[in-house]
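In the two complexes below, chain A is the common chain; its partner is chain B in one and chain C in the other.
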Partner chain A sequence: MIVAQQKPIEEIISSLEGYKNILIAACGTCVTVCMAGGEKEAMELAALLEVKNKENNRPVNIKVVTLKRQCDMEFFDDIADDVNNAQVILSMACGAGVQFIAERFSHKPVLPGLNTQFMGVTRDVGVWTEMCQGCGDCILEKTGGICPVTRCSKSNFNGPCGGSAGGKCEISPDIDCGWQLIYDRLKTLGRLDKLYEITEVRDWRSSRDGGPRKVEKKDMML
Partner chain B sequence: MNVAVIGKSRINPFLTDQLKAKGFEAVLFEDIDSIKGFEGQKGKFLIKTNEEKIEAGYIILTQQAEWVSPKLSPKLACSPYSLLDISQKETGDFIKDHGRPVVIVLDYPAESAAVMTSIALEKGLALAAKKKRVFFLARFLRTAGEKLEKLYREARNSGITFIKYKKLSFDYNDHNGICTVKVWDDYGMISIDTGALIMGDSIVPGSKIDKIAELMRLRRDDTGFIGGDNTWIYPTSTNIKGIYVINNICGIPLRDDALSQIAYTISAIKKEMKEPASHRYVEVDASKCAFCYTCWRICPHAAMTPDFDKEEPVMKNLNKACNLCGICVSLCPAGAITITGNLDEKLEQVDSLSKTSDSKTLKILCCEKSAKIALDKIKDIYSRSFEQMDVSAVSCGGEVKAAKIISLLKQYEKVLVAVCVDDACKHFDGNKRAYKQVVRVCELLKAAGLDENRVQYIKVSHAMPRVMADTISEIL
Partner chain C sequence: MMDNKSHLQRVLEAGHFAVSAEIGPPMSANGEFVRKKARALKGFVDAANVTDNQTAMVRMSSIAASYLSLQEGVEPVVQMTCRDRNRIAIQSDLLGAYALGLKNLLCLSGDHQSFGNHPQAKNVFDIDSIQLIQALNRMKEEGVFISGKTTKTPAKFFLGATAHPFADPPELQMIRLHKKVEAGAQFLQTQAIYDMDKFDRWMEELRKAGIHEKAYILAGILVNKSARSLEMTSMVAGIDVPGYLIDRMKKASDQEEEGISIALELIESIRKIQGVRGIHIMAVGWESIVPTLIERAGLLPRPDITQVDDSTKEGADNA
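Here is the complex of A and B:
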């Protein structure tokens, strides 16, 4: 899923400066699971803003709504009235959701509440790691199910660099060397022969490098 | 009612007899590896093997521990006798040199296990009765409990020399086969040439424990045993209602402690069967549930389970396993979980001593099992302070939501979250969860330019009213 982190509170508060009617739009899917922009975080933020505004004696009206997703237009129908009543929307969705809500309600300023990070997985309660960068040309079959684009800091395609030591990346002792992981996995699978298949230089146009992408499923389009 | 007895142990025949005598049908699963799946809750567990699915109302695990024979350094040619082996032999048969004393050693980093201590004391007494000279060496000797105290007194009176030591060393003379034990305590060192060195065995979690604990989601303590060092874990209980563990060392004959554990467990089952259903229960709002497994992971009582029978999979609560601690309510990322008669309502039923309806300075959220009791003890003495505060009891610190703490700051100048001390939280992690939420709140307050000291946190037991009083005075 998409993993994001809440923006620093100072940044959020400063961006909301001057607004008296705020709509906080939480999102009920990815950012709920990664505990960044779900209803829980939105309620905490709303409470915080209310306490702060009471301190400053500035009456501010805050409403929290939670949309199941902010990446499908239909979910915005229910909040149209709330949007009309607000001066600004603080969207707690991922970058895709923030932009989509802004597209739908183009006459209202929309602010992001999160910094979207990566496509990843849950490792433990409260811990998520990056697994996929959406390169558009998946070669996981060659590497035993471990992605060299994402898990190798240099995105090497044919083995580790000289900085790999003790199974760790030279960038940080907290980062596993992606190619060590690939080697170990292929060994477990009994397919070290895969390492002898050289992966050629890639055409990166399948990735973001080719410009913003669009996917069309023709059999669903009339 | 079926009671599943899981594990291979010498106590099984006796246990199954006792269960039958009390009106239960005992179903035996001696081979833990044969168990492939498990689900359900007290009153209705389902145990799956390759051949069948068996329903059982309650479960008793009987293969908790194994013992490992004591070993000295491999450089030494002499190896000590295992206390557990020796305990089953005739009193003096194993002694090599009857002219020399027997040395019994309990070398554990913490208190010696009760069963090991009682076996060692019994053996010492048997040897002393045969006029053998006995040295009893231990780092820490557990003598708590009537039986052990009695044994210890008898052993002292019988002439056994007890030494509480700091350090030990062993040496072996090849020629005469004599082992020399050097013992250091606070006063000095003595050297003992012994005709027989007996050492207590290590009791370790059994090799099958990993698998069964993971399958049933049973909580283990730091040493790897199921159950653990929490004051709320009664002798044979676990973190899951209806599942019990008899702490028996696999392989040694039935002893008093095993017998009393069996009796206790059966009476605990009977009591559990009579427990009335709570009028409060946990509900999951299916429209909000993101099915993220967070509640499943954090529930200390393994009381959440996925429900795949609905249109879209959601989590549901196993109400007979649930302890209503509220940790899932406060930490569900989607805010999808509520308890009927939940915190918000509780917070309205406020304990206020003040006659006036003036706004108060301090709101205290306190665990009903510890802080609330401590507070009640100081009510009369500190009535002046009490006029400035409102008190709400919660069933567990873990029930307190960060958003709620922050909202309270609109009405109160300060909020104090008072929970149980570690190892005394009935829900294991509740007090730590509360702490993490308070830390988060303070960080948010600071980042927002507000005073982070407006929210405070304290761990107390019910027997610490003075600490509560001091903390409140400091805050007010």
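Here is the complex of A and C:
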């Protein structure tokens, strides 16, 4: 999923300054799962904003709507009236959702309520970790199902740097050395032989370096 | 035209026990700072590594400082990390370095920028250090860039890489060494060594794999000025300082002298290990001691190898 985190409340309050009618648009997919921008978080944020604004003698009207997804146009029509009644939309979606809702309601200011973090997994209750950078050319078959592009701090393709110690990355004891994980997995699988081959330089055009990307599935494009 | 081999390469090929040290460029545009450091090392070392923004602190560029060192008569080993430059910048800078007469190159991943004085920086890591060695070896052997396009006058560096006897996981670090040599590394400089037993075992493994016959091994020696400096060193990932050495430093009445003694003992032991072809001295924060250390280790005078006229082999430039 796409993992995100709510922006600091002060930043949200400051971005909403001057607006009285606010529409908070929660998103029902990834950010609901990672407890950043789902209906529950949006309601909590609305309550908090109301209290803070009352304290500051600047009462606001807030309405919360939850869209199934903000990365698909089909769900936006349902909220068109709510958008018309509001001065501003605070989107609780990932960066993609914020941009798409802004594209659909281009006459209305749209503000982000979250900082989008990464593509990752639920590691533990309340803990999410990064697993994929969407580089466009997956090599997980060579590395025991552990991504060196994402999980090595230097995106090394040919093994760990000299800063791997006790299974941890040199940059923080909280970060596992991605290559230690790869090594352990391939050893378990009896496939350490895979590590002797030099992985040649990457063609980064498949990644963000080739400019904004587009995926087309021809059989769907009629 | 003279033989295009570096002095360091010729010293090693002639079978001498090589000695290199380090010149850390300044965090300023002060060229005299580099020249002074180079002059202090002249005659004491066969080459000096010039670090590339070590620990991710912004310093004078390795290539510029290397050139200053060369002008002072100390052959530099340019260091190039993969942290700050993509393949375009790396190849471009190295063509320039070679054109300036710099002939040795050490390829590294580079300390992560989070350690340095610009932790907010975006890093690059377009290619990794093994891919960098491979690319420069291909440039040397086949006259091609990473793209496969040819260059009429390729840079032909004496190529080096780092080796990490104490980093984890050991088996994978050994696989990496294989790859570095296969990629084209001609010399390997190790991380600082303190634990001789461990290093001895590591070298044994390396000899079994025949790596010492494919690349010159230069063992890293770090000389510490104080017990505190040694303790700080022991915290660096990939460096293993046995507790007894720290105790010994703490108890010493003259810690500077003790630091020298430890370094001298390590050098003495290292020289006896089969397959080690030289030492690389790192004296972070105590560079002034390097000449004394080399002298007391009995490593003087340094070999004076006259350049071989090899004009027939090289031919005229065809830039």
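The rule we apply is simple: the second predicted complex is superposed on the first by the 222 of 222 C-alpha atoms of A that agree within 3 Å, B and C clash if a C-alpha of one lies under 4 Å from a C-alpha of the other, contacts with A are read in each partner's own complex, and residues count from 1 in each chain.
Just so we're on the same page, a contact is a pair of C-beta atoms (placed from the backbone, for glycine too) under 8 Å apart; a residue touches a chain by one contact, two chains touch by 3 or more.
Please read all numbers here as calculations on a predicted model, not as lab measurements.
**Student:** If you stack the two complexes on chain A, which partner ends up touching A:183: first (chain B), second (chain C), both, or neither?
**Tutor:** A:183 sits against chain C, while chain B stays out of touch.
**Student:** Quick one: is A:196 in contact with chain B, with chain C, with both, or with neither? Answer first, second, both or neither.
**Tutor:** second
**Student:** Could you look at A:210 and tell me whether it touches chain B, chain C, both or neither (first, second, both, neither)?
**Tutor:** neither
**Student:** Quick one: is A:109 in contact with chain B, with chain C, with both, or with neither? Answer first, second, both or neither.
**Tutor:** The answer is neither, since A:109 touches no partner chain.
**Student:** For A:54 in the superposed arrangement: first (chain B), second (chain C), both or neither?
**Tutor:** First partner only, chain B.
**Student:** Between chain B (first) and chain C (second), which, if any, makes contact with A:157: first, second, both or neither?
**Tutor:** second
**Student:** Once the shared chain is lined up, is A:134 touching chain B (first), chain C (second), both, or neither of them?
**Tutor:** After superposition on chain A, A:134 lies in contact with neither partner.
**Student:** Would you sort A:173 into first (chain B), second (chain C), both or neither based on which partner it touches?
**Tutor:** neither
**Student:** In the complex, go through chain B and note every residue touching chain A.
**Tutor:** Per the touch definition, chain B meets chain A at residues 288, 290, 292-294, 297-298, 331-335, 401-404, 406-407, 409-410, 440, 444-445, 447-450.
**Student:** So in the complex, which bits of chain A are touching chain B?
**Tutor:** 8-10, 13, 28-29, 32-33, 35, 38-41, 43-44, 46-52, 54-55, 66, 122, 125
**Student:** For chain A, which residues are in contact with chain C within the complex?
**Tutor:** 153-167, 170-172, 177, 179-180, 183-184, 192, 195-196, 198-202, 204
**Student:** Under the touch definition given earlier, write down the residues of chain C that touch chain A in their complex.
**Tutor:** These residues of chain C touch chain A: 82-83, 87, 109-112, 114-115, 123, 125-131, 134-135, 146, 162, 164, 167-169, 171-173, 175-176, 178-179, 182-183, 191, 237-238.
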